[in-house]
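Following: one structure in structure tokens, then a few remarks.
Letters are used for the chains, namely A, B and C, taken in the order the chains are written, and counting of residues starts over at 1 for each.
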Amino acid sequence: MNARATTPIVSIDDVGVHFPVSRGRTLKAVDGVSLDVMPRETFGIIGESGSGKTTLGRAVVCLEKPSAGRILHAGIDPYGLSSRELRRHRRGYQVIFQDPNAALDPRMTILKSIREPMDVAGELTVPERHNRAIEMMERVGLSPDFASRYPHELSGGQKQRVCIARVLTLRPELIVCDEAVSALDVSIQADILNLFAELQAEFGLTYIFITHNLGVVAHVSDRIAVMYLGRIVEIGRAEDVVGTPGHPYTEALLSAEPVALPAHLRGQNRVMLQGELPSPIAPPSGCRFRTRCRFVQPICAQTEPPWRETTPGHASACHFAGELPMMSGAELHPLKAGQPGRTVETGL
Amino acid sequence: MSRRTLKVVGWRLLQVVPVIVLATFAVFGLLQLVPGDPAAVIAGETATAERIAQIREMLGLDLPLWQQYAQWLGGAVQGDLSTSLITGLPVLDEVLRRLPNTLLIVFYALLLAVGISLPLGILAATHVDGRVDRFVTSIASLGITVPNFWVGMILVGLFALQFGWFPTTGAVSITEDPGRALWHATLPAIALASSGIAEITRQLRSALIEVLSSQYVRTLHAKGLSQSLILWKHGLKNVSLTLLTVIGLVFNRTLGATVAIEAVFAIPGTGSLVVASATNKDFPVVQGVVFILVMIVILCNLLIDILYSILDPRMNKQ
Amino acid sequence: MSVLSEGAVRPVPAPRRRSRFMAWMRADTRAAASLVFLILLVGASLLANWVAPYSPLEQSMDILAPPSAAHLLGTDDLGRDVFSRLVHGAPASLYASVLAVLIGTSIGLPFGVLAGYLGGWVDTAVSRVIDTILSCPSIVLAIAVTGALGIGLTNSMIAVGIVFSPGLARLIRVQTMIVKGELYVDAARTFGMSTPRLVLRHILPNAIQPIIVQVTLLLATALLAEASLSFLGLGVQPPHPSWGQMLARAYAYMEIAPAQMYAPGLAIMFTALAFNGLGESLRSQLDPTRRRSD
């Protein structure tokens, strides 16, 4: 946890990302999101598919331009820069995508792919680029023999290592990991997560960890934001959010998490989400979660819930945050919530 | 027609407007492709300065470009496509006089193409990779690579010159003597149909194979429906849309291919008109023919779109 | 589990490009035959002066003669050796096909990429223009453009190329739109790659495959178009030989010597067949649903 009073490395201020859809309607994939990410922390963003978390991550690395609000990189507005300056600036803000296969150009060798960011930067000599590429391959656990291979000859985990090596060549300050392990085999997920942790210590990286998998995010993150239908509904330290969820949606997410325990040890207390995710084109009035909330009250349809801080640094956008008879993380996950740690067991 | 269909038709009509406007630009712009002074090029090398000036004035070439366009468009809207530089006759009259001869062989060819390729396509699709299929697909790939006009020449050589079954050249107006008109049009239509047969057969074959191998049709098989019933009731119904699209495409190509066919059979149609006037630099006539043919194709595409929207209920939702 | 455990596995050697080509040629005899035919044709075109026994323009008193030992395919109405004219007509036909496709691609490619990459109103405008040009029968348009540019082989093939360009632009547009949405394009953007470089490095190389297929098929179409235009007297001008123009002469003497029309017609047909065979085979070879094996 980094409570140091420094400039946030990413400051998201009331950001909206809207896409036009047919008949002049707009899809607000991200709608009024604000959060700060501090240097060297790991910030987790969790939500279902369709919650806008990927779009938010793309906006952080300037792949989507915010339609409202703004995103500052260490105090700098990237869209205030000239296009030349922006291209130089954005090298410090990288992303690892969910599908490592799609993130590599199928027609380029592994070495070419890893060298590409340095070729674009054009700052090093060609032998230096080559050496750094090989060095990074070794650092992420890839044999240099792969240098002349093509992506289709590698496994998913190996390709993800290539993607990691590729962004590391730029010595970035921030890496957005967009579901970076969810497409991989479970056994390899742990390897890659450990690699991320090692690299963070080594290079002083800041991560924004985007996932739908609460188990992953709770273990690697210092702080967590929970997204639902384009909005953040809860934000706080990882152990607070997982331990004492303040928003009914977080409770439901925790409950949906599979528990690797024999049946008799598993809590019987499961909260099932009812209904389907409403269309983000026409989100429900008031609180967006009200259509699926088990505590819904008339006020939820009328007014948007304000932020309520239950403990310092832990806030929820719910009219009744802190007042609801919700189950704690310990009840839902007898073992997990008790021992938050930074290393991931292979049994994940 | 249901209200929905009417709405679709209205929408399609609206979409056609910009295409027509662009087409007028393109047709008008043809003259701008002429290198140097169009008037001098049109008048020819031996022309006097007077003649060049006369042509320039006639075509309005001394006006600013947009005024030339406005003048041309104004005329076109009122049915005046200017006059031929060689005969001095109105272009529209000449085009309309020749159009029936062209359309007769084009539609005759289209009918032949559909009539022949329908059984061929079905035969091939129901015997995939068998000997029949291989024979049909080789014929089809041959049909695409054989020059139409060469087929026409062979047909003339065999059936007109050697056997004397058909007249070698010329055309008879369909309104004067329908029987003789069709008799005259048969060889040109066959020659013209050769590439259409190939194209429709190929598309029909692959569309049918796709439908027949679909989960849905396999379920019907499992339910005990006979092969021929499935083919007629479900296969053809599902490929009718593909067929419609291909016919639209083939119509466009046939309308183009007829130019060389008209030359082989000495048919006084729009094709021979455009060749003669392009050779003689009679640009108002060239523009007139292109304009009328584009309008016909646009109309035909519109018709196909409308048919499409009636046949395919999915399209109506939009 | 050790971090290196997965990566330390040595990669297995992949098949070489050359052996892949040979495997393709062995598997598809039609493609192999097409390629051999085209190579021979290009060779004959380059060495026309040595391959042809006579000059294509050399006239003799022996007119419309049937095939003989002296004249393999007989002589034409001016007593010129048909085989020699056929050989000398090949370069004109190949030049015409390549020129038309080259022009079509060089107009269609930038417009297609532009429309597909930029989207928005640029896309709408380009697409409307494409629709419009495509709604004109292509040969008629080519004739009209040839008439405007001036009659001759090069001009008529520029016209055919112009007529080809909207179809190619449409194909390239769709391909560009597909590739533009790929993650590796996004990744390259985060590295700070400029748009022109992005298009050249990632979009074009990945969008080009179907275009290569289409271009090969268009070579056949161009060949047929050249034959038609030369037959109509708008292409190659006499006395220079071209297959279409030889057909036009044969047509004039059809009643006396009907056999004259077979050689040039068959030459056109076989060449078009070879282009098509190669294109169709390339198409199935590059088909992504069949690519898992490599």
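Keep this in mind: a contact is a pair of C-beta atoms (placed from the backbone, for glycine too) under 8 Å apart; a residue touches a chain by one contact, two chains touch by 3 or more.
In this text the structure is predicted, and so the values were computed from the model without any measurement.
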| item | value |
| --- | --- |
| Most central chain, judged by mean C-alpha position against the global CA mean | C |
| Taking each chain's C-alpha mean as its centre, the one farthest from chain B | A |
| Rounded Å distance between chain A and chain B, as computed from the means of their C-alpha atoms | 57 |
| Rounded Å distance between chain B and chain C, as computed from the means of their C-alpha atoms | 23 |
| Where chain A and chain C are represented by their mean Cα positions, the distance between them in whole Å | 49 |
| Chain C residues within the chain B interface of the complex | 128-129, 131-141, 143-151, 220, 224, 227-228, 231-234, 244, 247, 250-251, 254-255, 258, 261, 265, 268-269, 272-273, 276-277, 280 |
| Chain A contact footprint on chain C (complex, rising order) | 1, 3-12, 14, 182-184, 186-194, 197, 202, 205-206, 294 |
| Footprint of chain C on chain A - complex, ascending | 58, 61-63, 86-91, 93-95, 97, 99, 102-107, 116-117, 120-121, 140-143, 145-146, 149-150, 152-155, 157-158, 161, 163, 166, 170, 187-188, 190-191, 194-195, 198, 346 |
| For the chain B and chain C complex, residues of the former touching the latter | 18-19, 22-23, 26, 30-31, 33-35, 41, 141-142, 144-150, 153-154, 156-157, 161-162, 252-253, 255-257, 259-260, 263-264, 271, 274-275, 277-279, 281, 283, 286-287, 289-290, 293-294, 297-298, 301 |
